[in-house]
Amino acid sequence: MSSVIVRVKQKQIMDLIAKGKRLDGRGLTDYREIKVEQGLIERAEGSARVLLGKTEIMAGTKIEIGKPFSDTPNEGVLTVNAELVPLASPTFEPGPPKEDSIELARVVDRGIRESKALDFKKLCIKPGKKVFVIFVDVYVLNHDGNLIDASALAALAALLNTKMFNYEIEEDEVKIKPGYTPLPVGKHPIAVTFAKINDKLIVDPWLEEEQTMDARLTMTIDDDSNVCAIQKGGSGYFTPKQVLEAAKTAMEKAEENRKKLKW
Amino acid sequence: MSQKPEKLIDKKGLRLDGRKPEELRSIKIEVGILPNADGSAYIQQGKNKILAGVFGPRELHPKHLALPDRTVLRCRYHMAPFSVQERKSPAPSRRDIELSKVIREALEPSIFLEYYPRTGIDIFVEILQADGGTRCASITAASLALADAGIPMRDLVVACAAGKADDTIVLDLMDTEDKKGGADVPVALMPNLNAVTLLQMDGILTFEEFEKAVNLALKGCREIYTMQKEALKAKYESVKEVEE
Amino acid sequence: MSQKPEKLIDKKGLRLDGRKPEELRSIKIEVGILPNADGSAYIQQGKNKILAGVFGPRELHPKHLALPDRTVLRCRYHMAPFSVQERKSPAPSRRDIELSKVIREALEPSIFLEYYPRTGIDIFVEILQADGGTRCASITAASLALADAGIPMRDLVVACAAGKADDTIVLDLMDTEDKKGGADVPVALMPNLNAVTLLQMDGILTFEEFEKAVNLALKGCREIYTMQKEALKAKYESVKEVEE
Amino acid sequence: MSSVIVRVKQKQIMDLIAKGKRLDGRGLTDYREIKVEQGLIERAEGSARVLLGKTEIMAGTKIEIGKPFSDTPNEGVLTVNAELVPLASPTFEPGPPKEDSIELARVVDRGIRESKALDFKKLCIKPGKKVFVIFVDVYVLNHDGNLIDASALAALAALLNTKMFNYEIEEDEVKIKPGYTPLPVGKHPIAVTFAKINDKLIVDPWLEEEQTMDARLTMTIDDDSNVCAIQKGGSGYFTPKQVLEAAKTAMEKAEENRKKLKW
Amino acid sequence: MSSVIVRVKQKQIMDLIAKGKRLDGRGLTDYREIKVEQGLIERAEGSARVLLGKTEIMAGTKIEIGKPFSDTPNEGVLTVNAELVPLASPTFEPGPPKEDSIELARVVDRGIRESKALDFKKLCIKPGKKVFVIFVDVYVLNHDGNLIDASALAALAALLNTKMFNYEIEEDEVKIKPGYTPLPVGKHPIAVTFAKINDKLIVDPWLEEEQTMDARLTMTIDDDSNVCAIQKGGSGYFTPKQVLEAAKTAMEKAEENRKKLKW
Amino acid sequence: MSQKPEKLIDKKGLRLDGRKPEELRSIKIEVGILPNADGSAYIQQGKNKILAGVFGPRELHPKHLALPDRTVLRCRYHMAPFSVQERKSPAPSRRDIELSKVIREALEPSIFLEYYPRTGIDIFVEILQADGGTRCASITAASLALADAGIPMRDLVVACAAGKADDTIVLDLMDTEDKKGGADVPVALMPNLNAVTLLQMDGILTFEEFEKAVNLALKGCREIYTMQKEALKAKYESVKEVEE
């Protein structure tokens, strides 16, 4: 798109939002349609695909046996990785993860970790020696805005779908036994992202709104309407009042979106 | 964690997944499924699940790679970490780099590279799930993605492997046959030109077995070629419907 | 090697280091301490010891990163290997990369970027010793370094965290409170514009607790803002003295 | 060389090949002179130098004790690496291995591995725990075309020249004992490479023929005239008939070239 | 600075040195003022800050338990790393260590290692299995010339300030015990750097002298006036006579500078 | 796996390999042995086997490295993985990077860099087998490769080490003397200009020992210089013969 067309569109988006409207007809706090499919990748221990409008995310989990961190010898390890797969957008380039995908992975990771969604103690096999390491790989397959909310949802859906193999310990070696146990997922943190455009907050910005916004704010909310993770992004700012307003709205939206998950 | 099967072919001459030796796995192909790519295709072949996306012809970065007389074709074959039994690191392995090269060289003969000097065409292949024969299925899908992007081509490229399971020459090896079998011969073909654009082999085959395997793989290619053309047609018919 | 304290708040309502819940750690700020940087500042906040240096506006390398209508702000948050309990590798970690981004985005709203098209401004933050709250102290120091470099700014940016220790909302968490506490809410502010330019959170807070924490962090920001301005003044007074 | 001179030479090469001739006087299926010297590097466990015309390859082996792969706990490990040493050609650049050297290493590796040239089971010390890891480093010292055949020959010659130290296991530790054992090399796979120029197949292309060829085809053949590895390269194609013709020719050529090796 | 001004200044520096004088008033073999502070970073096992004129270096040490090198199973490990921190000079760029910082680290390392300043045998916990690994991180905070001498001094001062935790071995595991022991530092190697300008040798070149010099020569001298490490740098040369003259001067200067350290 | 010799010098005053203290190892030098390089040389010194190749003056990549007033000399010292007892990873180690720098700086004073502005000269040194003193032998070979490439030079650069084995100052240390000896002093020289272009030292030497070692190394350099010139002459005589 030429930059002139972009600017005309940005003007249009801003003018509409001033009137409480959006280019795709949504209300300011409406999400696009959300579809969640769990269990598409049989090779993965767990998997899920999320469509948020045209934004498409695939998340898969793998479980390995590894060492705990030295400061948490009784706890399993969670590793979240995000790939901005180059077929998802002409602006994504192949290569090692850059700032944007690292931030995406870390925001998804913090939502799960801080809400205590995973019972890490149950992922310990032998304190200080052997624990389960849970890898969550978030794969962005089409980028049409609001990657954080879609990725957080896909990651959680994949975890809810994850089967851990059974095991017993024989002479210091872990032996795999038949059968599976579900992963101990106790909380369901939902990320709700706001864009600030023309000094108004809107939820779930799509791509063209993201290109127009001043700043971004993500609130992750747990089942009991607690705030458990926040991330501000972009080179603009929010007033303290907008921050508190966003927290309130996020609590409502999180409760709605949580219903898309099966467990 | 993986069980070692005693036999890859049972007494009835059937394979572990019930197929006859010369039978393809079930294949599902869709064209034009990625909104942001200039062309795209999805293939499911057995448990393989593969996405191919094409961008271009477009400006090349970095610019010094551009050629004055033709477009530069680039290809990245990449596996999702969750696509295989043991988690694959997202950094490209040596195998990934080799496969990216042979896939690119399998597709290059089909493209009129000289039509778009000073530009680049990028092919991105993502293996969402791997089940043996990913390089062939990647070529089949990537060639459709190129066609979907409107790149002028001599013919579609289609690929399929044949190989040896126990003592039998079989078509379209799945993961276990690939790993436990005696040989694997992936072949890519432009059917209308009778041109083999990829040929590799692992294993041990006599000349006679090799000849049989190549011919079987070519037969497989021609069967998949029909499905490729149908998938393209389906895309354009659906587009036509939408436009009407 | 680290002891787990039973309680972060004692019976008298005081914290492990003797502070009251709403009390800042002792803070020392100096401006203009690096001879070669265009602007610089040093902050000591509790046991945090942090240097910030600014170069620019200057030519950008590589050149293709330059923008026709504004300066490009870059930021590197980096920890000295000896700044933490377990030696930190000097290669940037994922945490370092994220913090570099959020610090840059906390400072960007304060700068008139459009004044210097086609140039770059580099902010380098070095954590010589870390004691909790390094990102906030880094922003406080980096904003002073930008001012010291003569970059035109809307306001200084100042940052401070609030959080939860046991059941109490407390200001300016030190390392142990950060690790053992219930939540951490770092906030950056341009006080004159009432503009929050960084907001993050870890932990679990009810809406009421969150509201209280944000307001306490903002109060902390305003207190440090006074010290920031004093440090700037001290620098220019000492310069004036030298010149006279 | 200017691109005009290159094109004139390419034309000349193509015209000659149409008449069944080559610029350096060889017949279409003739190799250049091959010289193999084994054992030049005393520090290496095995070494060999191959001259194929002016193409010069040095290969050296090193043996370490390491862990087996989890799916082959009773087998040693082979690692083949190839370096396009920058003094071998103005087109080779220093730096981490690129596409071409990775392909070269992997084609050499597959020839050895698939032909079962090495008896990997005999390289196991303690199943699942300790095995011999054989490193083969292929060093291209001068590039005058057909690196694959020369490298495969050098790698095999170095393996045939390799001495394994003797050992015994004492209390779970490997103790080195005096003396050496030759490496268990049972097969002798030979790579034969074809170039397609002007729709004809020639063997052992030298540098200027490689710059002229449409495509490249390598067939690796074992002692019993079995095909054990194939690699097509380049952006051209072959007809199925050419593929089978190449296999036949490769079998003859492999038998000739195998005689250059001592074992 | 424009290159014209640079050349004028270089001319000035050279003319003065021909007369035995320097731009900042020092004699040819005078050091700038040296300040050493030890123990500023409580998180580090040892630390020191050195000011050499305006050149500022921070060095910190960390101790870990690791494996010995296979050829020195009874000795601890020393790892020296140097960072040219980008805020120290507009010419320093962020990123992995380059030639200059690697040379700096290795020259500092060699001085400590070759002088036998550290008693590596005393850093062994369990021969062949567990030893202390001493990390010395040299951090250049302001670059005004002669980084080598200042860095070597800061590294040694940090080592002299370093406390090793006490330990005992229980069932093959290292248990930390209360209290600390000083690091066994027995020698005090001092680096003395010369610049050759206008065919004369000067000591402790500052930044503008370094930009003018033909070549650089560093002599590291131990407590008994032995030479224990040398490094020539830069694209010029020295006569053999200058080399011996430098060694003599270095012995005097080292004795002076050693007095700045406390132990 | 390596035996620790009790003594490096025996009762007769001879070294482990039978040499007298002031004796060089046997040296073989050949010039112009690499067909594709612009200049090349091979040196065998004891068990060291080293190739040096030179390309240039040629265009520099990336271009922004070019200098308006002189050529840019670049040097890569690299060890083959099989050149040493324990396999060396082909990635450059910190030692490799330092040696590349000091070798380049040892050769730079010999070259009229200003003759070829905006160009680059690349020196590639490959250690095929290492036996102590590789940096010196590399300089000796690389200087010949530069001469073979026709680069205008002030003088050849030649290098040799002296050091201390037990209590004796010895010339041209081999691997074991280097590792077990008391000191190693590598020196590079342009003999006609009496110019020391490389000087390093490891170990412990009194002033008197150091003086003796430097002088012995210089004597070694002059001996090898004669061989260097003979090798160059041999190359040009053989070329002449071919041409006649």
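Just so it is clear, A, B, C, D, E and F label the chains in written order, and each chain counts residues from 1 on its own.
Please note the rule applied: a residue touches a chain if its C-beta (ideal position, glycine included) is under 8 Å from a C-beta of that chain, and two chains touch if they have at least 3 such contacts.
Model, not experiment: these values are computed from the prediction.
Common neighbours of chain C and chain F under the contact rule above are E. Think of each touching pair as a link: the shortest run of links from chain C to chain D has 3 of them.
The chain with its C-alpha centre at the largest distance from the centre of chain A is F. Put simply, the C-alpha centre of chain A and that of chain E have 48 angstrom between them. Distance between chain B and chain E, defined via averaged C-alpha coordinates, is recorded as 57 Å. With centres taken as mean Cα positions, chain F sits 32 Å from chain D.
Chain contacts: chain E has residues 97 touching two or more partner chains.
For chain F, residues that reach two or more other chains under the stated contact definition are 86. Taken chain by chain, the contacts form a single closed ring in which each chain touches exactly two others. Around the ring, the chains sit in the order B, D, F, E, C, A, counting from chain B and moving first to chain D. The residues of chain C lying in touch with chain A in their complex are 2, 86, 94-95, 97-98, 100-102, 105, 108-109, 185, 190, 193-207, 210-211, 214-215, 218. By the touch rule above, chain D contacts chain F in their complex via residues 40-45, 47, 54, 58, 60-62, 64, 81, 83, 85-90, 94, 96-97, 135, 137, 139, 141-144, 176.
By the touch criterion given at the top, residues 1, 34-37, 40, 47, 49, 51-53, 55, 58, 76, 78, 80-87, 90-91, 122, 124, 126, 128-131 of chain F touch chain D in their complex.
The part of chain A that touches chain C in the complex is made up of residues 70-71, 97, 99, 102-103, 105-106, 110, 114-116, 215, 217, 222, 225-240, 243-244, 247-248, 251.
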